[in-house]
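Each structure below is given as structure tokens.
Both of the next two complexes hold chain A, though its partner changes from chain B to chain C.
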Partner chain A sequence: MSPKIRLLVFLAAVVCILPAVGRLALQMPAFGAHPLPYGDAIDAAAPGERHVTNMVSAINFDYRGFDTLGEEFMLLCAVTGTVVLLRGHRGEALEARPGIVRGRAIAPRSEAVALISRLTAPVIVLFGVYVALHAMTTPGGGFQGGVIIATGMLLAFFGDGYPGWRRVSNSKVLDAFEGGGAALYALCGFASMLLGLPFLTNFLPIGTLKDVFSGGLMLVENAGVGLAVTGSFLLLFLEFLEETRTKKPKDGP
Partner chain B sequence: MKILLAVLLLMLAASGTGVVLTRTPLRQVLALSVNGAVLALLFMALQAPDVAFAEIVVGAAAVPLLFLVVLASIRMDRSPRAPDRL
Partner chain C sequence: MNWLPWAVAAWLLGIGLYGVVTSRNYVHLIGCLSVVQAATYVLLLGVGYRWNAVAPIFYDHPPGTPSVDPVVQALVLTDVVIGATVTALLLAMALQLHKNRETLDPQQLRPLRE
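This part shows the complex of A and B:
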């Protein structure tokens, strides 16, 4: 298809779709308006019923906890698939050489980058732990905390290079984090069933409002999500960064 | 507040257009990262800190990093005579 025909097809499509888009755009609710009643209902009910002040966590881990279980296993499957595709001997050794592009020198790491990475990495990881722990009281939660921890750990690569990064991210530990976190979430549901309650019923004492340890079973589920997300993101980074090393003939992909 | 939102929306439109109009993959990745950071600021201004956390880490750091690694990996596998257009 030549560029000219492609442009003509595109313009024809625009002419067909534009009236419908324009009509829909005019009928949209005003910016910032939320006509559906569910948000207000959760805002009114969750602090009294579940003793948590972060409504997003209340929805994710309690009112719609089963959906989160599905997302949890979606993440597990996606990361497992990536790891299966990329796992090989390439880059597994601490002293693996960086890959070479012909005609381009490997620039040495600047001291400023190393210093900033080393200074900020622990603070970022600590902040991630804080965000993950305070899921029931302040914005954030296991997912957000987990990705913040993972990117903080990644700074080891920028601060200390590949060997430093390999030392802090042990693939076996990360596997355990990833699978264990997802298993912990699922086991929460089965624990409810053991007590004769419906799947994922919040059976633990829900504590006092505005306390870090409020929310009952949601805390355990949140810990499961936090572990799984930290493990999966670090595992992704690890497998991808292995691809930047030189390939030996006997190595796999 | 209205001015802040307007400025952020304009920045978002500009950075999004930048992603589309950039032609070299390396610069595209950086433009995508900037777009993610602006989007996170907008979420923050719209009082959605949950989403802002996820967006700034995933959109501005993790996804661009994975793309960068892919570009580096492709470039290493490329034969030396092929034109270096990445």
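This part shows the complex of A and C:
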């Protein structure tokens, strides 16, 4: 199909669908002033039943915990696919040379960038751990914390270049983080079943409200998600950065 | 102005799809797909919004304070993380495509023959 015909088909579809979208938008309940029964039910139940103050975590890890297991496996599949596509061929060795694009100079690293990266990376990683740990009380959790930790670790590449980055990111450890995190989440569900309870039932002591270690089984699930997200994002960074290196001479394209 | 959030979501969906349809580069196409995905974030968060309400965190506010809907926030949270990794998977495919076929233009690609 030529680009012109494709655009015409798209415009025809827009003309057909637009009146329906417009009618729907005008018929929607008043913005910000309609009842939210499901959310209100969670708000009313979770602080008393589960002793957590972060409703989003209560939903992710408890009331809709089974959904999060599915999300976890989607994460695992997407990252596994990326790794399968990109692993091998180049960049595996510490001393792998940077790839060269003709006509583009490789600028030397500024010392200011190295200093700032080395100073801020540990602080950012620590902040990520803090965000991940406080999932049950304040805004945060394994998903957000894991991404912050991975971003902080990536600063090793800016500060110390490729060899420095490779020294802090061992792909075997990251594989274990990613798979182990997802497995930990699934095992939480099976642990409930071993005790004769339904899948993912919260059977651990739930602690006191506003305490970091409240929420029982949710804490373990949150740790699993945190490990899996940290491992996933670092694996993605690792595989994409390997692509910036030159090929080994004996390998194909 | 009740329709404005839904109009923004529809606009993001439309402009993202327009980019996908007219794209001449797979990296650009994957970016457009992320814009389409952003439409779902606006839609979900718009559905769960409530005027003069707090975030669904009851650390500082006593439980029972009116809050915005935590259910859609949980959905968007996981969606953002999954979206990022799926974008990475698509970019890895684009990278392998460029290695094997030396092009990223969808128009230049013909079906693979045996």
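Simple rule for what comes next: the second predicted complex is superposed on the first by the 228 of 253 C-alpha atoms of A that agree within 3 Å, B and C clash if a C-alpha of one lies under 4 Å from a C-alpha of the other, contacts with A are read in each partner's own complex, and residues count from 1 in each chain.
Rule of thumb we're sticking to: a contact is a pair of C-beta atoms (placed from the backbone, for glycine too) under 8 Å apart; a residue touches a chain by one contact, two chains touch by 3 or more.
Everything numeric here is computed off the predicted structure, so don't read it as measured data.
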Chain B versus chain C as contact partner of A:L204, first or second or both or neither: neither
Contacts of A:L241 with chain B and chain C, given as first, second, both or neither: first
Touching partner for A:M74 - first (chain B), second (chain C), both, neither: second
Partner chain in contact with A:L7 - chain B first, chain C second, else both or neither: second
Partner chain(s) touched by A:V129 [first = chain B, second = chain C, both, neither]: neither
Partner chain(s) touched by A:L26 [first = chain B, second = chain C, both, neither]: second
In the superposition, chain B vs chain C on chain A residues touched: C
First, second, both or neither for A:V220, with chain B first and chain C second: neither
Touching partner for A:A150 - first (chain B), second (chain C), both, neither: first
First (chain B), second (chain C), both or neither touched by A:A114: neither
Interface residues of chain A shared between complexes with chain B and chain C: 56, 139, 141, 143-144, 147, 233, 236, 240, 243
Parts of chain C lying in touch with chain A, wherever the complex brings them together: 1-7, 10, 14, 17-18, 21-22, 24, 46, 48-51, 55-59, 63-64, 67-74, 77-78, 80-82, 84-86, 88-89, 91-93, 95-96, 99-100, 107
Contact set on chain A toward chain C in their complex: 3, 6-7, 10, 14, 21, 24-26, 28, 30-33, 36, 38-39, 42-44, 47-48, 53-56, 58-60, 64, 67-68, 71, 74-75, 78-79, 81-82, 85-86, 137-139, 141, 143-144, 147, 210, 229, 232-233, 236, 239-240, 243, 253
Residue ranges of chain A in contact with chain B within the complex: 56, 99-103, 131, 139-141, 143-144, 147-148, 150-151, 154, 233, 236-237, 240-241, 243-244, 246-247
List of chain B residues in touch with chain A within their complex: 49-50, 53-54, 57-58, 61-62, 65-66, 69-70, 72-73, 75-76, 80, 84
